[in-house]
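The two complexes that follow have chain A in common; it is paired with chain B in the first and with chain C in the second.
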Partner chain A sequence: MDKIENLKREIAQREAELQDLRKQLAEAEAETPSVENGRDTTTSQSGGEGWKWPLEEHEYERYSRQMIVPNFGLQGQLNIKNAKVLLVGAGGLGCPAAAYLAGAGVGTLGLVDGDAVEVSNLHRQVAHSTARVGMMKVDSAVAYLQGLNPTITYRAHATHLTPQNAEGIVSQYDLVLDCTDHPTSRYLISDICVLLSKPLVSASAFQTSGQLIVLNSPPGKGPCYRCVFPKPPPPESVVGCGEGGIVGPVVGVMGVLQALEAIKLLVRGDHRRLKNAPADGTEEDVKQVGMLLFSAMADMPFRTVRMRGKRQGCFACGGGDGSALTLTELKTSLDYVQFCGINEPVKLLRPEERISVAEYERIAREKRAHVLLDVREKEHFELCSIPGSVNVPISRFTARREGAELEDLIPGGFAVLPPDAPIYVVCRVGNDSQIAARKLKDWGLDRDGERFIGDVFGGLRAWKDGVDPSLPFI
Partner chain B sequence: MTSSAPKPPRGHFSILYFASAGSFTGRDSESLPAPLALSKLFSELETRHPGFKAKILDSSLVTVNLDYVDVPGEGEEGPVIQEGDEVAIIPPVSSG
Partner chain C sequence: MASAAADDAGHLTLDVEFSGGLEMLFSDQRRHSLVLPAKDQDGKPSTIAYLIHHLCEHVMKDSRKELFVLQDHLRPGILVLINDADWELEGEEEYELKSGDNILFVSTLHGG
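On to the complex of A and B.
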């Protein structure tokens, strides 16, 4: 074990040294004329005397393919070069978005993330690598980006964005990309962008779905996240990628589209339009805002819905009347966790309606007549399960209509069981199992108390901790 | 979403369920009788899918024929969903 730890430490140290070397190299390259390919470059020293072109020489080579695209041009490249862009989140969205923005030559690219790289990130978070597992995501991403384009400036903010640090970080940039994974950060980022007049490109992805929308653009005119979703989803319905899953290219395509929207915005120069600037007395600069919906499995995978402008009386942007949130309020009195709600553990069953994993293990060992229902979704069940358990996903309980045939709920039906044989329910950690057990009771399957119906306390996680540590996935 | 919505039968409109709305109802789309006042949409859907309103609909974006709409409260005046219309329920996706 010591050997493994030592090797990990040594790798981390060398990664840090490499990163430092890359940075030094980038700085040296920026100052010295290029001698690549053995060409004599002394006569064309970028930025030096005699150099009369607006971009440096190496930039014409690096960015030529995009600059010659119709309507992109030199001015588009200059806009990109002079821009400072912040990506909040260096995960499934942030990695591809950052790669394309760095490749395109954004002058300063900032990354905010307080997490470290995990092996389970690698199937989609393409800037990280197996060798950098355990490293802070921002440092791992910057190491990758330095390799891609060492000629631009990177800023790594190894922290989560909070109401307290948001102003200090976001105010350093012209444009923000929301690449985060939770409603709390989505509302915070939108609010700070409204307050600091920064346009915001917001994308998200889950399982096989994605959404993309450009908010607060131009600043003070376009709708904010609260205009679109004034009410957060109930906390129990918020499932992360760790539990619900995500297909790599689904989040990848959303991150790439996010980079595209950012590049479009920068090339047009929308990020420099001042808040409430007189737009020639007309309102025509507020473009129709659309939200792109991506449904990877559908016959028509891309749809765009037309949004309205700002919402009247919006809590953050005021919907036009100017009154609204202030920076001081955001820092001192806004509680995003409370606003989005806290996911309390379910308490639907009394203690006597719940059995421990040790008790269930004994019941199974003694081969007492019973049925064990595992209410996780079938993809989870397939990965690992308790021997003898029957899979009935929780969605079949919640989707069941009143009066539907109960016997169809489990294979073979409940009728094959002795009328007093207990029914135990298990799930991942012990929340859905209570919901399912409660429903079975409400539907009368406990035969007025003749049959015990209850759940296994702590679910598969407790089973792994207490009975079978070999379970490969919870 | 495993397929695009089939054209609704005569006297119906189609409703599309995106992201978690699809997981909750166990389907990508369905057809409902038209016309239906937009203000009655949520209660109609709640009858069909108990728990749908609090868990999904109240925090979702609603569009009719790809245009954002504000859903009026029960009993308030508002637009009417017509035969052949396409309504979409779009809950926020937050992960990334």
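On to the complex of A and C.
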């Protein structure tokens, strides 16, 4: 074990040294006059007196395959090289998006993320690695990107985007990619992009589905996130990838598509079109806005739908008749967490209707007649469960119509139980278990109090903490 | 796009789809072929509002209605696409259904 720990420590140390070296290299390069972004000082006259081409020699080598694509060309490459692009989120969307943008030669690539790499990220967050678990995601991603393309500039912002730091960070860039995972950040990013006139490429993914839309493009003309989604979804309907799951290539494909939209936008030069550019109607300034819906399991996995334009009186962008929102307001008085709501813990059972994991452990050990229902979905149950528990997913409870046969709910039916045998319900953390227990009571299974029905407080998480630390997953 | 307003018996055939997790509320089935009366109780042409009501009353098995409607309207965070166009381009709840219409309900995603 010591050997493993020592090796881990050594790897972390070497990683840190490498990162430091890369930083020194970047600084040294920045100080070298006349070689902008260049590192080719030995093998050619690139950047020297004799070099007469608009890009440097190594750039022709590196980017020629994309430059020779029709309508991309030298100008497209110059646009990309001169662009500064910010990715908010260095996770499942941000990693693939950043890789393609770095590969394409975006001049300055910024990454914002306040999280550290976890092992459970690695199946989809392709810029991180097992050796970099525990490192800040932005630093891990920059280490990967440096390896991919050391000739461009990276800026790592190791923080979450907040109303207070948003202006300072976003104002350094021309274009923003929303690669975050929560409505609160999505509204904040959209608002700051509207206020600072930055186009926004927004994507999201969950389980086997993804969505992609280009917003505020051109700035001040296209709809913003609030035009499309004026009201946030109720917090109980928001489930993250940590709880609901995500298939790696699903979020990967969405991140790659974000990079593609960003490249299209930069090549066309749309990020430089200014907010109040003449809109005399002759210009094809407002394009049809489309949203791409990806559904991996559907017969037709890719579908693009036509979306609305700007919303009159939009809270953020004002729909063209004077913005309602100001930078000062955003910084001082907008509370995005409150706007999107907080998921309150369920409170359906009284304390006497709930038992602790220690109590349940004793009941099971003493082999008292009872049944333990685990109401997590079957994919969770399959991974680990309390011995003897019976899986009846919560969806079976919520899907049941009044009057339907109760005996079908559990295998073998409730009739096999002694009429006073208690029913305990358990779930992941103790919310769904209350819903299920409450329903069983409402359906009369407690036989007017003859039978105890209640839940296991704190669910599998409490079981792992208090009884069986070997549970591999919750 | 289908043009037939209704068949002889005054019914509409609709292709209704659910995506982004909403299929969970509708028997885990993405696609439902529905037959609806062409006119509602008051003799007015059936609209999307009528369809939403019909889905809640007759198609949804799940008791968690609040994941689909809140205060008699579709809950925030669900997009409706009428023949692949945002319903806001088509009159939202007031849109009058035509036989052959494809109506897609999509839950907005936030993960990343």
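The rule we apply is simple: the second predicted complex is superposed on the first by the 437 of 474 C-alpha atoms of A that agree within 3 Å, B and C clash if a C-alpha of one lies under 4 Å from a C-alpha of the other, contacts with A are read in each partner's own complex, and residues count from 1 in each chain.
To be clear about the criterion, a contact is a pair of C-beta atoms (placed from the backbone, for glycine too) under 8 Å apart; a residue touches a chain by one contact, two chains touch by 3 or more.
Keep in mind it's a predicted model, so treat the numbers as computed, not measured.
Undergrad: Evaluate whether chain B and chain C can sit on chain A together after superposition, giving fit or clash.
TA: clash
Undergrad: Taking the superposition on A as described, I'd like to know which of chain B and chain C A:Met300 touches: first, second, both or neither.
TA: first
Undergrad: Should A:Pro234 be classified as contacting the first partner (chain B), the second (chain C), both, or neither?
TA: The answer is both, since A:Pro234 touches chain B and chain C.
Undergrad: Classify the contacts of A:Thr398 with the two partner chains as first (chain B alone), second (chain C alone), both, or neither.
TA: A:Thr398 sits against chain B and chain C alike.
Undergrad: A:Ala166 in the overlay: touching chain B, chain C, both, or neither? Say first, second, both or neither.
TA: In the superposition, A:Ala166 touches no partner, neither chain B nor chain C.
Undergrad: Quick one: classify A:Val106 as touching chain B (first), chain C (second), both or neither.
TA: neither
Undergrad: After the superposition on A, what does A:Ala203 contact: first (chain B), second (chain C), both or neither?
TA: After superposition on chain A, A:Ala203 lies in contact with both partners, chain B and chain C.
Undergrad: Once the shared chain is lined up, is A:Arg308 touching chain B (first), chain C (second), both, or neither of them?
TA: Touch status of A:Arg308: both partners.
Undergrad: Touch check for A:His182: first (chain B), second (chain C), both, or neither?
TA: Both partners.
Undergrad: Could you give the residue numbers on chain A that contact chain B in one complex and chain C in the other?
TA: Common to the two interfaces on chain A: residues 89, 91-94, 179-183, 186, 203-207, 209-211, 229, 231-234, 237-241, 244, 246, 251, 254, 291, 293, 295, 297-298, 303-308, 395, 398-399, 401.
Undergrad: Under the stated contact criterion, what part of chain B meets chain A in this complex?
TA: Interface residues on chain B, with respect to chain A: 1-4, 18-20, 23-26, 28, 49-51, 54-56, 58-59, 61, 63, 66-68, 88, 90-96.
Undergrad: In the complex of these two chains, what residues of chain A are touching chain B?
TA: 89, 91-94, 179-183, 186, 203-211, 228-229, 231-234, 236-241, 244, 246, 251, 254-255, 291, 293, 295, 297-300, 303-308, 395, 398-399, 401-402
Undergrad: Sort out for me which residues of chain C touch chain A in the complex.
TA: Against chain A, the touching part of chain C is residues 19-21, 24, 27, 30, 61-64, 66-67, 70, 75-77, 81, 84-86, 88-89, 104, 106-112.
Undergrad: Where on chain A does chain C make contact in their complex?
TA: 89, 91-94, 178-183, 186, 203-207, 209-211, 229-234, 237-241, 244, 246, 251, 254, 291, 293, 295, 297-298, 303-308, 395, 398-401
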